[in-house]
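The structures come next, written out as C-alpha cells.
The following pair of complexes shares a single chain, subunit A, combined with subunit B in the former and subunit C in the latter.
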Partner chain A sequence: MSTAEIVGTWLAAFFTLAILSFLYKDNPLYKFAEHVFVGVSAGYQLVRQTFDVAWPNLLQPLWGGLHRDVDTLKAHPQWAFYSIPLAFGLLMFARLWKPIAHLSRWPMSYIVGAFAGTSIIGAASADLVIQVQSSMVNLRGTGPWTLIDNPFSLALSTFGLVCALIYFFFSKEHKGALGVVARIGVYFMMVSFGGSFGFTVMGRLSLAVGRAQSLLVRTPLNPHAPWPALVGVVVVTALIVIWERKISPPSAGEG
Partner chain B sequence: MGFWLRVSKIDRRILFLLMGFAIVLPLLHPLGLPFSVEKSVQDIYDQIEALPPGARVLLSADYDAASMPEIHPFTISALRHLFRKKAHVVIMTLWYAGPPMVQDALDIAKKEFPDLKEGVDYDYLGFKEGKQIVMLGMGQSIRSLFPTDARGIALDDIPLMHDLDKLEQFDLMVNPSSGSPGTREWVQYAQSRYHMKIVAANTAVQAADMIAYYGSRQILGLAGGMPGAAQYEKLTGVAGTATAGLDVLNIGHLLIIAFVIVGNIAYFVTRKRSA
Partner chain C sequence: MKKQVPLLITFLVGSFMVVEYFITAPGIGALREGLYNSAVAIMALTMFLGTLNLVEINIPIIVRRRADWPYKIVLLGSLFATIGAGAWGAIAAHTTGGNVIASEDTGPLKYSYDYFYLPLAGTMFALLAFYIASAAFRAFRARSTEAALLLIAGTLVMLGRVPIGAQISEKLPLVSDWVMQVPNLAGKRAVLIGAALGAISTGLRVILGLERSYLGGD
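Let's turn to the complex of A and B:
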C-alpha cells in the first residue's frame, strides 16, 4: 500500500467523521469538510469534462485541423463543422458580460430543444405506450401463480389503477360513488408513497452502512481499521469541544 | 413531566446515537441473519447464466461514489459472473465520476481470472458525456461516440470490437445505475428502440420507480439497493460487502420501526391529555 493510499484512508476517516459531526450540531469542522468536498468535486468535474469531453470531442479535432495542409482540409470539409459547437460553447460564457448576456440563450435553447425532443420520443414509447399495454393484463395470470402473478394481485392492481386514474378525473366533482372511488385511489397512492419512502429509508441506511464499513472493517484499502476511525473520533471531538469553549466559555462556577 | 411527554420531546441526537449503535454493533459482531433471493434478482442471474461463451454483453456503470455501498457490490458480482461465463464484456459509463468505480470493480473481479485479456475478453470504453444522446448515437454507431477505448486504442484495433458497432448486436445489457442517465433512459432509448435485453441494479430510491419496467418486462431482472446486491452475491457464491451490510440493515430497520411506533404512541397519548 502506497503512502498516498495510507494518507487517503486517514483523510477519508477524518472527513467522514467531520461531516457526521453535523448530527451533533452545525460546527466549523463540518463547514470545513463541506467546503473541501464542494471544491474537490468541482475540480474533479472540471478535469474530467476538459480531458474526457472537450479535448477529444472538440479541441483535439480542431487542433489537428489547424496543423493539416489545405488540400487535406478541403478533402475533409467536416472539420469546419467543429467551429459550430465551439462557437455555441463560447456563447455560454456570454452571460458573464451583461451587454451580450442574451446571446447565452442560443446554446441553452439548442440544448433544451434537443433534450426535450429526444425525451418526448423516449417517454412516449417506453413510459406511455408500453406501460398502458402492460396494464391490460390477463386477470387469470400467465403461468404458475406467484406473489405478483396471481388472480387476486392482478385484480387488486387493476382496481387500484382505475381508482387512482379516477382521482385525476377533474371534470366532475368528487361526490357520491365517484368520490368514494377517488378516495380509494388516494389510499392506493398513499400505500405507493409509503413503499417509496421505505425504499428511501433503506437507501439512506445503506449509505450509512457503507461509510461504517469503510471506517471499521479491515480491507486491503484500509488495513489499519479501525484505528483511523478511532483517532478521527478523538480529534473531531476534541476540536468541537475546543470550539464550544471558545464560543461559550465556562462560567466562573464551573471547572 | 409524564413519560410519554418526555418521549415526545426526546433530543434527536439520542436517536442518532441509538442508530449509530445499531449500525456499528452488527458490523463488529455479525449475526448472519438469513435472507432469501427475490425472483427479480434470480432473473438477472438466470439471464447471465443462459449466455453462451463469447456472448456480447454491454455493462454501463452509471453511478458514482455516493451510491457505492448499494450498487458497487452488484457490479463486482456481475462482472465476476460474466467472466465466469466467458462472456465478452464491453464496459462504459455515462457518469463523469463513474470511471473510478469501473476501475475498482474490474480490479476486484479480475483477480479470480488471471488469464483475462483486455481487448479480447473485455474492454473498457471510458466515460462519455451526452446522456441519452450517447445512447441514441450508440444505436447507430458505437465508433462515432467512442473512436477509442479508455486506453486510447482505436476500436478497429481491438479484437473484441472488430465487428461490433451497434447496440442491437449485444446479447444482453447489464446496467448498475443510481439515477439519470441510467436505467430509465436505457429503457426509453435502447430497449424501446433497439429491443435490447436489459437487466438492472438500482439504488433503493430508484428501484421503486423501476419496478414498473420490470413488471412490463422492459427490463428482465432488477436488483434493488443493498439487499438486491446481497442476494446476487448469494447467487454467485461470493459474499461481499452487501451481504455483510444486510445484518445492519435488518437491525437498523427494526430500530426505525420501533421509533415510528413509539413516536406515534407518544403523539396520540400527549394529544389526548392536552385535549
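Let's turn to the complex of A and C:
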C-alpha cells in the first residue's frame, strides 16, 4: 500500500466522521466536509461529463478531423458537422453577457426539444405499453402456487391497479361507487408508498452499515482499521469540544 | 425573434425525434442518433457553465468576507483540485499515447473518487437514514386509515429485510416480499402509467410550444 493510499484511508475516515458529526449539531467540521463534498462532486462530474460524453461525442471527432487523424476520419467522415453542436454548446455561455443572453435559449431549446421527443417515445413504449402488458396476467398463476404467484394475489394486484388508476381519473367527481373505488385506490397507493419508504430506509441504512464496515473492518483497502476511525473519533470530538468552548465559554461558576 | 427561433428549434428537433420512431428509411436512425448525441454533448458542455456559475457565486463571498467565506475557499479549492486531478490524468495519458478516457478510471481522479467522493457521498446519503427515521416517527402516526396502511406496510418491509425480522417470525421476510410484489406493485404501476401519460402530454405541450417556461422571462 502506497503512502498516498494510506493518507487517503485516514482522510476518508476523517471525512466520514466529520459528516456524521452533524448528528450532534451543525458544526464547522461538518461544514468543512460538506464544502469539500460539493467541490469534489462538481469537479468530478465536470471531468466525467467532459471525458465520457463531450469528448467522444463532440470534441474528439472535431479534434481528430482537424488533425487529419486516420481513425477519426474513418469513423466520422462528416466530422465537420460536429462544429454545429459545438457552436450550440458555446452559445450556452451567451447568458453570461446580457446583450446576447437570449441566444443561450437556442441550445436550451434544442436540448429540451430532443429530450421532449425522446421522452414521448420512451414513456409510451417503455413505461406505458410495458406496464399495461405486464398487468395482463394469467389469474390462475404461471406455475405452482406461491405466496405471490397465486390467484388471490394476482387478482388483488390487478384490482389494486384498476382502483388506483380510477383515482387518477379526474373527469368525473369521485362520488358514489366511483368514490369508493378511488378510495380503495388511495389505500393501495398508501401501501405502495409505505413499502417504498421502508425499502428506501433500508437502502440508506445499508449505506450506513457499509460506511461503518469500511471504517471498522480490516480490508486490503483499509489495513490499519479500526485505528483511522478511532483516531478520527478522538480528533473530531476534540475539535467540536474546542469549538463549543470557543462559541460559548464556560461561565465562572462552572468547573 | 427572441422566442420564435427557440420555439421553432424545439418543434423541429422534438417532432423529428417522435416521427423518426415510425420511419424505417435508411439513414434516419443515424440522423436521430447524431441529433440525440449532440444534445447529450451540449448538456455535458453546460457543466462548464454550472462550474463557472459556482465560481461566480463564491468568489464575491470570499472577496467581501461574507458569512462562511473560509468554507467557500475550501469548496473552490476542492473543485479545482478535482478538475486538476482529471486534467493531470488526461494530459499524462495523452502525452504517453495512452487512452485519455480510460485514464480517468486509474489516474489521480480515481484517487479523488475513492478517498473523497465515495466516502463523502456514502456518508451523506447514510446520514439521511437517521433523518428519514425521525421523519417516519412523525409521519407514521396512525391517525387515519391511510396513515395506518403506510405505517403497517413500511414496518413490514423494514422488518422483513433485517435479520431480526426473521428472528421474530420466519414468515416476515415472505410477507415483506408479498407487500412489495402485490399491493406495492399495483400502486406503483398505477403511478408509473399516470406518470407516462403525464410525460407524453408534457412532451407534446413542449414540442407544440404550449409549455414555454424553459425559455425564462423576457
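Annotations
Everything below uses one rule, namely that the second predicted complex is superposed on the first by the 227 of 255 C-alpha atoms of A that agree within 3 Å, B and C clash if a C-alpha of one lies under 4 Å from a C-alpha of the other, contacts with A are read in each partner's own complex, and residues count from 1 in each chain.
Rule of thumb we're sticking to: a contact is a pair of C-beta atoms (placed from the backbone, for glycine too) under 8 Å apart; a residue touches a chain by one contact, two chains touch by 3 or more.
Just so you know, these numbers come straight off a predicted model, no measurement behind them.
Contacts of A:79 after superposition on the shared chain: neither subunit B nor subunit C is touched. By the document's definition of touching, neither partner reaches A:227: not subunit B, not subunit C. Comparing subunit B with subunit C, the partner in contact with more residues of subunit A is C. Legend: residue contacts after superposition of the two complexes on their common chain; A:133 is shown touching subunit B, with no touch to subunit C.
Of the two partner chains, subunit C is the only one that A:19 touches; subunit B does not reach it.
In the superposition on chain A, contact of A:145 is made with neither subunit B nor subunit C. Once the two complexes are overlaid on the shared chain, A:217 sits against subunit B while remaining clear of subunit C. The residues of subunit A shared by its contacts with subunit B and with subunit C are 23, 44-45, 48-49, 52-53, 56-57, 114-115, 118-119, 122-123, 127, 131, 134, 147-148, 195-196, 199-202, 205, 207-208, 210-211.
In the complex of the two chains, the subunit A residues touching subunit B come out as 23-24, 44-45, 48-49, 52-53, 56-57, 114-115, 118-119, 122-123, 125-127, 130-131, 133-134, 146-148, 195-196, 199-203, 205-213, 216-217.
Note for the complex: subunit B touches subunit A at residues 13, 16, 19, 23-24, 27-28, 39, 66-70, 96-97, 99, 126-129, 131-133, 136, 147-148, 185, 187-189, 191-193, 203-205, 207-208, 212-213, 215-218, 224-227, 241, 244-245, 248-249, 252-253, 256. Within the complex, the subunit C residues that touch subunit A are 2-3, 5-7, 9-18, 21, 34-52, 54, 68, 71-72, 74-83, 85-87, 90, 100-101, 104, 109, 111-130, 132-133, 136, 145-147, 149-158, 161-162, 174, 177-197, 199-200, 202-204, 206-207, 214-216, 218. Against subunit C, the residues of subunit A that register as touching in their complex are 4-5, 8-9, 11-13, 15-16, 19-20, 22-23, 31-58, 81-82, 84-85, 88-90, 92-93, 95-96, 102, 105-124, 127-128, 131-132, 134-135, 147-148, 153, 156-161, 164-165, 167-168, 185-202, 204-205, 207-208, 210-211, 214.
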